[in-house]
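Should a chain be cited, it is by its letter among A, B, C and D, assigned in written order, with residues numbered from 1 in that chain.
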Amino acid sequence: MYVLNSILFYFFSALAIASAILMVTRRNIVHAAVFLITTLLATAGIFLQLQAEFLFIVQVILYVGGIMVLFVFVIMLVNLDVSMRLVQFNRQWFVAGALALVLGAQVLFALWAGHTSLRLPAMQVDISPKNTEAVADALFSKYMLPFEIASILLLVAMIGAVVMAKRRV
Amino acid sequence: MIPVDHYLFLSLALFTIGVIGVLTRRNVIIMLMSIELILNAVNINLMAFSRMWGSVDGQVFAIFIITDAAAEAAVGLGIILAFFRNRETVLADEMDILKW
Amino acid sequence: MGHLIPQAILPYVLPVVYAVVIVMVLPLLAGYIVLMERKVMADMQARLGPMRVGPHGLLQPIADAVKLLLKEDIIPENADRLMFWLAPLVSVTMALLAYSALPIGPEFQIADLNIGLLFILAISSLGIYGIVLGGWASNSHYSLLGALRSAAQLVSYETAAGLGLVSVLLLAGSLSMKDIVQAQLDQGVWFIFSVPFGFFIYLVGSIAETNRAPFDLPEAESELVAGYMTEYSGFRWSLYFLAEYANMVIVAGIATTVFLGGWLRPLASFHEHFPGTSIEWPDAFPSLLTLGVAFYCLSLAPKQPVKIQKIVMLAVAILCFILSGALLGALFAPTGVMQGIHGAFWFMAKVFAYLYAFLWFRFTFPRYRFDQLMRLGWRFLIPLALVNVIGVGVAIVLRQQLGWGPVASLIPTTLATLGVAIWLAKDDAPAATVQTADGE
Amino acid sequence: MIQPFFLDHIWLIPMFPLLTAAAMLFYGRRLANNIVSALCVGSVGLSFLFSLGAFFQLIAKPEGERLATKILFEWIPAGPYHMLDGRLAHFLADWGFQIDPLSAVMILVVTGVGFLIHVYSTGYMAHEGGYYRFFGYLNLFMFAMLILVLANNLLLLFVGWEGVGTCSYLLIGFYFHRKSASDAGKKAFIVNRVGDAGFLLGIFLTSALLGTIRFTEIGPALAAGHFKMGDPLITAIALLFFVGATGKSAQIPLYVWLPDAMEGPTPVSALIHAATMVTAGVYMVTRTNAIYQLAPKAMAVVALVGAVTALFAASIGVVQNDIKKVLAYSTVSQLGYMFLACGVGAFTAGIFHLMTHAFFKGLLFLAAGSVIHALSGEQDMRKMGALSKKIPVTYWTMLIATLAIAGIFPFAGFLSKDLILGKAYEKDVTLWAIGYFTAGMTAFYMFRLIFMTFHGTSRVEHDVEHHIHESPRSMLVPLVILAALSIIGGWISWPEILGGNSHFVRFLEPIVGVAHELRPEPAHGPGSRMGEIYLMLMSEGLVVLGILFAWYLYIKRTELPEKIAKSLGGFYRLVYNKYYVDQIYDALFVNRAKDLGLALGAFDANVIDGLGVNGAGWLTRAISRISMWWDTWIVDGSVKVGARLVWVLSFPVRMMQAGLVQSYMLFIVIGLIGFLGYYLYLAHHAMH
């Protein structure tokens, strides 16, 4: 069981990281989008491997099936074969990349230090099989208010998007 | 069991890649996608911790983050569309009207 | 045979077998759905349809398949090769993947996920990438427009269809397909009768999701040559084709499972309403039907003009005999087997009924204009679905608090939804105003 | 006390025309003609209905308290001030309306005749340009006139007074592209100004002397002031008012504008310059009769001016050839009659004649208009004749009106005119004689008009001749109604001696209530019924004589008039040229005024502009040079230095603020790195 689990995990994480790197470096936006989708799917796989089926489904339906479709849609509306031939990285790319790496290194150092010093407890063996029900309970009892607020946020975002994208408001 | 740290390393890697993307790519759409990547990294952390403590709170927060991402994508892409209509470009360093 | 297989992989054997069966059978099934489509169309147009290849064109699908496989496979000059190659694959993969959670019989299921329905929705929602990427990759305006249209259309109608299903989820209280069917058995009524509007919404939504007429704008031959499939040919094209029909079967399967009581035979839960009594005679129906078909084929066999056709017809007849024998024998077999076989029969019967409805609509309704499509989706179906869901919630409260019956509690909901539907339709009447139907 | 509805809402009566006027003048251009006429005529009709309602509700009240006042708001609540006799008074002019028998009669006449003339105009103006403009002005006039007759104080009356003046100016100059028309308009306006100045002075003097300008309070104030008969100040007020009256009502010496006013469209002449506006003077004199009755000299002046004007204008009317001019002069002379009546203290008779005159003179003008309409614009009577068959309705109605004005028994004119003559006889024989003779002349020239227009041989140019046509119904109906009124209109005050009981006069009595105890004994008079009968018969006789004379001259022996004119020679020319009054006025006033204007202009050009303005300009330029130097070098210099300084200092900030999102993000990341590094550093220390 553990073997399968770890195989899945390392496979998915390798996939995720690889396609993330590709996503950032691709010249063709559609390819980038496809690689991002791959990353997301890999992440979804990791969720599944973490026995969070509901989040897996949410990830797939919302992220892959919703948001990314929106991205692809917009990419196709905005024809980009012009910008595809231009330089893809801005003037500050070298500094920026370096600094980002520095930031990553810092966090890595922090994690490493934490790993050695304060030992994170191992994972629980198993959480309740009825993951969906558990999430639902938490969502509708403990996190009712944030849930409502999130829905308001969505409404506002919808209106904003409509106003933004409309030709004649 | 896979130690939690590995999840953290994974998410760190994704996060860094995302930051690099946001900082260096000229194409606004790819910047947005990188932001999605960052959010994703955060999600991984949350899931890992939720699994670690055996409580679903982390997952709930992940759901909120995904909601947030949806909203952000919708509005951001709307803005990009509007901008493209006016300026015929999606390059971040041509959007420097923020200066004034 | 348990001792032959190591314990570790035992739980994976049966699913693999099912998966292989499905992957084998589905293309054939798709082919024969095409034949059925052509026959139905011919019937509705007072023609004969394919008659030459095999008796009554029974071998037509195979001929078509061979033709498609042998066709030259063209990739346009400046198409995006990677995507062009990837897109049909994605499409067909997702279409097939969705079957993994579809229960064809009580046991006949690859995996009984506790989020089965959502899983199927998710996977089938991934199918869109096949279309969009393909349309984009073939670098032609028709394809791109088709892709955009289908993207917009799917995103819009998934919402409606999903909401249509949610009403049933509330009633069934579970996401697992199996449990949903079980709930229909326990409540003693198929959900189509308790939430007809849910069914209606899902019907329209599923037609739109599978890009079938009257919502087949992504491949509207009169506007964009073949939509996203314009540049495709040969094998890739047939993959798309397969994906489309597989999707039809999927949505039909979902509808069957969720609304039409899955593998349950009619009146299966008679005793729920009238304890003590139960009706068994419908069990005899399958074998009788197949027997009838067998005799019909037998009677047709001599009339065939060519010798080979006679032979094929006879073969079909014999096949039907065997089938009816099996179905008959299943009645005396242990219940598991019997339910498996009969469940599969009933399931397929319902699926084909649903598909027949699809064909029927295709040959009956004119194609929508794109803005009309959008208006229908956003301003009619989704509000209606929302009202329906709320109503179902109310109904559940009625049932739990006041102890109303499973059907009675939903009558007010249905009536309310009907009222809203009428109102919305009246409100939507001036929909004829022509707008620029661009994909936004 | 709470008033009945119509009395409580008299203020609405002027408002209807005001609303439509506003509508016309702002939006009229966009409205179709039929809508315009519907709105305007409708509004006036509405006011007429309200006036009727008010009238009947007023009659319903008992004799004593036939007075209703409605004060909308205080208009000019000026502070306290010292009156001439040193008492403290509070000047208060409010936007208030009052209705008493006099106002009631006036609003009935104004709205009634006005309504008919509106209807007429819809036909008459149908093919003219500026239809909406015409009706807008007309309604505006109705508004002002109604304000005038409903005002409860002198100042508000003055507002209406000026308003009607303005409208008359606008309407006389309605065909502003004709120079003669615009000149006539200006003339009317300026001449009226003279009178108005007098009127205004009168108002000031009133408020200074009596401390109030409300009509209801003037009487009591007079009583309280214990003024003796013929008090000089009172006389002054009365005369000043009368100056205003001469201006508005075209009496000597300010009558000159009225004949020229005929340049306006004929309905205007009928409404403003015959029926309503010109009678404002009479109304005003009657309204302030309390003052006049304290000033016998002033009344004598009024009577004399009235009588002389009557005779004078009639004499001019005898020789005019323009049909409207004749009517204009007859109007002047009839107004003279009214003032004669007021002068001899028979205010009620004056108002009575005012009403009847409104009927038949309005009718005369409308009929004349119809004639002109039929002859497509011809106004010269020498180019008319023998029209009686061609336009019968016009002919008969006009004949009725002529009989009425000539004073044939029992037409309206007869009753009112004889009432006046009777009063005049009681007062003074010479006045009576003048009026008597004038009556004869009136009959003569009116029938001269009738005969020249409708009888004898046709002298119409034959290109006009063949499309002579009767006017449309919308023009004929008012004619007929007015004809009926000028027959029976007078009967409401059938004199006692003929076995009637003069309702009308009795109805009006209250407003001249003061008159009784103040009126001196009649100098000499028949007093007996037979005397009055004799007077009537005499006037009838003279009138018939005049008619016959006209018949003789213009039907029987048509060549005679020229002969007579030749034989009279100079005198004829004098009269024919209206006694050269216009020329004299030009020589005396107009040209002098022009000279003054030229002189002032020269002064302005040389002294003001040359010295003042240019000098100031030069000075300013000189100063501005200096200030410019200061501005450029000192002020701007410092500013530039500051700007340059800021520019230099802001270099690093500017580098940061590139306006590019990603550079901002970069800075965020840098900050993040800084924080993280700091905390890691701390943690590191904490560890060891």
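Just so it is clear, a contact is a pair of C-beta atoms (placed from the backbone, for glycine too) under 8 Å apart; a residue touches a chain by one contact, two chains touch by 3 or more.
Since the structure is predicted, the reported quantities are computational estimates derived from the model, not experimental observations.
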item	value
Farthest-lying chain, centroid of Cα atoms versus that of subunit D	C
Comparison of A-B and A-D by number of C-beta pairs in contact, larger one	A-B
Between subunit C and subunit B, distance of the C-alpha-averaged centres to the nearest whole Å	36
Interchain centroid distance [CA atoms averaged], subunit A/subunit B, Å	6
Chain centre separation in whole Å, for subunit D relative to subunit C (CA means)	91
Length of the line joining the C-alpha centres of subunit A and subunit D, rounded to whole Å	88
Junction residues of subunit A, two or more chains touched	54, 66, 70, 77, 90, 92, 96, 99-100, 103, 107, 131, 165
Per-residue multi-chain contacts in subunit D, two or more chains	660, 662, 666, 669
Subunit C: positions in contact with at least two other chains	440
Arrangement of touching chains [line / ring / star / complete / other]	other
Which pairs of chains touch, using the document's own definition	A-B, A-C, A-D, B-D
Subunit B - residues contacting subunit A, complex	1-10, 12-21, 23-27, 29-30, 32-34, 36-37, 40, 43-44, 47-48, 50-57, 59-60, 62-64, 66-75, 77-82, 84-85, 89-93
Complex contacts: residues of subunit B adjacent to subunit D	19, 22-24, 31, 92-93, 95-100
Subunit A-facing residues of subunit D, complex	660, 662-663, 666, 669-670, 672-673, 676-677, 680, 683, 687
Subunit C - residues contacting subunit A, complex	80, 82-83, 86, 113-115, 118-119, 121-123, 125-126, 128-129, 132-133, 136-137, 144, 147-148, 151-152, 154-155, 158, 175, 439-440
Subunit D contact footprint on subunit A (complex, rising order)	90, 92, 95-96, 99-100, 102-103, 106-107, 109-110, 113, 117
